[in-house]
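What follows is chain A paired twice: with chain B in the first complex and chain C in the second.
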Partner chain A sequence: MRGLVPIAGIILLALLPLVGLSTYMMHILILVIMWSVIGMAWNLLGGYCGQVSFGHAAFFGTGAYTAGILYLKLGVSAWWGFPLSIVVVGVMALIIGFICLRLRGPFFALATLAMGEVLRVTAENLRGFTNGTLGILIQKRTWVEKTWYYYIILAIAVFTFLLIRRLVNSRLGYYFLAIREDQDAAESLGINTTLYKTVALLISAILTGFAGVFYMNYMGYIDPEIVYALHDISIITIMVVMVGGVATFWGPAVGALIMVLLAELIRSLPRIGTAHQSLFGILLILIIIFLPNGIVGDFPKLKTILRRRA
Partner chain B sequence: MRPLLELKGVSKFFGGLAALVDVSFTVNEGEVVGLIGPNGAGKTTLFNVINGFYKPSKGEVYFDGKRISGLRPHRICRLGVARTFQVVKPLQRLTVIDNVMASAFLRSPSRQEALERAEKILHFVGLYEDRETVSKNLPLGKRKKLEIARALATEPKLLLLDESFAGLNPKEQAEMIETIKKINREGVTILIIEHHMRVIMSISNRVVVLNYGEKIAEGSPQEVASSPEVIKAYLGETAVA
Partner chain C sequence: MDPVKVEVFLQTLIAGILLGGLYALIGLGMTLIMGVMRIINLAHGELMMVAMYMAYWLFTLLHIDPYLAVFIVAPAMFFFGMAIQRFLINPVLRVEAILPENQVILTVGIGMVLSNLATIMFTSDYRSTPVEYASDAWYLSDLWRSSPIELSFSVPWVVSFLFAVVITALLWYFLTRTDTGKSIRATAQDRDAALLMGVNVERMKLLTFGLGASLVGAAGCLFIPLYYLYPALGGRFTLIAFVITILGGLGSTVGAIIGGVLLGVFESMTATYLGMGWAPVGRFIIFVAALVFLPGGIASVLRRRRLGG
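Moving on to the complex of A and B:
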């Protein structure tokens, strides 16, 4: 029975556009699914393997710029970014991994944060290559309608979900958890910690890069401030997973839904709408104090609290 | 008797501090060798050198005729050296069975094989009933058993046990002695750090004594216990006179 829930969910999601949702609703759904992909990708590295990255914008941005530069410089469709980003983001992940994965805990987090910022500043200054702060604009987007974009990001999300579930239940998954729980113990039990941390980073980065490629194609405009943003990408990625539930299969999707809806809601509020960053910060603090395992991870706890109220 | 582990003039310096000075000894296949010495004698440092966490500053370590000093710990484990930690390091948030499976995957790549192997080992060390317990909830005695189970899951030829008896009550100690003897009977060579003399005397074929990073005695438990050097190291100068 339980195995049928994801299939039913996917069918439901696949049928959703047929209901005739408004363009705005479709946009929100697309964002939720895109953030689910980024969250799931981050969760593999941060949640399961325990390497908390504060710089996933590096991979999102590199994916987006791979697609954008293909269009800008070679005049090729930005959709070709998908195959090419595997190579570009992969190489980027190996370089970042080589530098950062020798560090542990907070030092790793700070190093990844720095790498994301380095890439943002680089993209701003390599004007000849990236158009700098002017950004890249796709003159004519593939579709005016949102339906196809929806199906594309949904396919990526389903692929990401299945891939990660398969990985986590395999030998690799055990190795990731062992590294998260105690790296020295893992190493002395025959686990090549450097190798498997790199594998986790590589897969996480490429999946995040896919979301970036999609973003370029979907939004039609990127600049370094948007796709390499520390606060709007790297930090929100962590929030999506923290709110939903670290190291859970459904946490990122739940977190993405809440964060995207919340962002829309807060932005539409009069006056305090501009302070949405501060409100997110407060939310994160509350989540860490009361639901340290996120909504999915602390679901049993949440249920008992609600029942007691009622 | 074939030498399995050979230390040749191993020294380890941390800055100006000499943690190990020119230590040489051999562990033969099938033996149980005790490694004793006062606190700070360099016993755990020696384990860290054998297991690859530290590279010796001088000297070499050979395992099964192959030089292992300088290799990374996971490589050394793959060759057949497993260890436990004095301060137990279970994979806290994982269940007992998952802890053991994580190491069983080293020699059994399929999930089913790893699971079967892990279950067999849990039976062997007497943790089978606790297999679904999250390991941070285990009492210390069982955590020490889990450490051993995890090490055994890598199918070692040489097992390094770092104070597996510390903090155990007498009943648990007796069980642990039986477990270690059983492991040895299965053909696993054992090098064990221990403070309990009763334990060391009852299970070791030979004993190596370290003091201030130097080997001061080596021999049968009886020889070592009566060596004036060893008594001096443990009890001080006046006790000898």
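Moving on to the complex of A and C:
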């Protein structure tokens, strides 16, 4: 029975556009699914392997810029960013991994944060190559309608979900957990921790890069402040996973749904809109203090709290 | 050698050292918190931003000179830091969670709230304190008539630098000569051993966070006559503090001072010779170089020298 739940969920999601949702609703759904992909990718590295990255914007942005520069400089469709981004983002992940993976815990976190910022500043300054702060605009988007974008991002999300579930349940997944729980113990048991951390980073980065390529194609405009943003990409990625549940399969999707809806809700409220970062920050603080394993991870705890109230 | 080139080089070097002295003060606060609490305070730059707003309003409303404001803002930040430690960070240290980095993420949340509240309360306008000595300078030719080259020393930069040096010296005295300071250092070296020796570790943590916040608060007061102030400025200085901490060696105070000065000089050099926009990239090049070639930071070099005789 339990195995049928994901399949039923996918079928339900695939049928959703047929209901005739408004463009706005489709946009929200696409954003939720895109953030789920980024969250799931982050979760593989952060939740399962224990390497908390504060710089996933580096991979998101690189994916987006790979697609954008293909269009801008070579005049080919930005969709070709998908295959190319595997190489570009992969190489980027190996370089960042070489530098950052020698650090542990909070130092890894900050080193990745710095990497994201380096890439943002570089993209701003390499005007000839990236158009600098002007950004890249795709003159004519492939489809005006959102249905196809929806199916593309849904396919990426399903692929990501299945891949990560497969990985986590494999031998590799146990290595990841061992590294998260105690890196020295894992090392002394003969696990090549550097290798497996690099593998986790590589997969996580490429999946995040896919989301970036999709973003370029879907939104049609990027600039360094948008795709390499520290708060609006890297930190929100962490929040998506923290709110939903670290090291759970469904956590990132739940977190993405809550965060996107919350962002839209806050934006629509007059006068409170400017305070959205404060509200996110307070939410983050509350989640860390009261539900440190997220809504999915601490679901039993949440249920007992609610039952006691009732 | 072309005297103009020499002049530019020396002027850049001086600007770098003056900036580095202030950077050292920011890095010191972070490295202290790092050493004692084993967490990175990612709201460090935002704390400085808060202090800068305090100094700004003290100047604008009460006409208190930023350099005098140090004596008001630093103690205020001390209590602010202690409150953050007591009411936000301590509860999280007790919570069971999968990821030990929760505390770091918590400080990110604090930083987000602080910078956003500043935007709401004070708007994102650029502000500055128009002190009357802002553009004053001392010239080398005033001191030494027959000097072959001309160098200028901006008054607020030099005064800020001297303040930073005095505060650093006081901190050094506090950490090495007083009982409380020694207890803080003991806690940083080995928490359990310090506990067994009768050090009140919880109190030391509280004091350290307060001290770190007041150091960066002082730095904020020293920066305000020099820089524009805006709410998003915090993030940049958090990164700077972190780069200094890595460069100097984690938890090392001497390393933080040397690291701060090195970073200041390096940034100033990239700004002069490559262009202003590249200064942040220069900062990260030095950061990456430190990680790859000198993982223990400057502290490890110092330690090796001492052991090698």
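Following the convention adopted for this analysis, the second predicted complex is superposed on the first by the 310 of 310 C-alpha atoms of A that agree within 3 Å, B and C clash if a C-alpha of one lies under 4 Å from a C-alpha of the other, contacts with A are read in each partner's own complex, and residues count from 1 in each chain.
To be clear about the criterion, contacts are C-beta pairs under 8 Å (C-beta built on N, C-alpha and C of every residue); 3 or more make two chains touch, one makes a residue touch a chain.
Keep in mind it's a predicted model, so treat the numbers as computed, not measured.
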Touched partner set for A:Leu163, first chain B, second chain C, both or neither: neither
Which superposed partner A:Leu94 touches (first chain B, second chain C, both, neither): neither
Winner by number of chain A residues touched, once chain B and chain C are compared: C
Partner chain in contact with A:Leu230 - chain B first, chain C second, else both or neither: second
Chain B versus chain C as contact partner of A:Gly47, first or second or both or neither: second
Chain B versus chain C as contact partner of A:Val76, first or second or both or neither: neither
First, second, both or neither for A:Met219, with chain B first and chain C second: neither
Shared contact residues on chain A - chain B and chain C: none
Sites on chain B touched by chain A in the complex: 51-53, 72-74, 77-78, 82-83, 85, 89-94, 98, 101-103, 105-106, 109, 111, 114, 150-151, 153-154
Residue ranges of chain C in contact with chain A within the complex: 39-40, 42, 88, 91-92, 95-102, 104-106, 108-113, 115-117, 119-120, 235, 239, 242-243, 246, 250, 277-278, 280-281, 284, 287-288, 291-292, 295
Residue ranges of chain A touching chain B (in the complex, touch as defined): 169-171, 174-175, 177-178, 181-182, 184-193
Of all residues in chain A, those that touch chain C in their complex: 46-47, 50, 52, 54, 99-100, 102-103, 105-107, 109-111, 113-115, 117-118, 121-122, 124-125, 180, 230-231, 235, 238, 242, 246-247, 274-278, 280-282, 284-285, 288-289, 292-293, 297
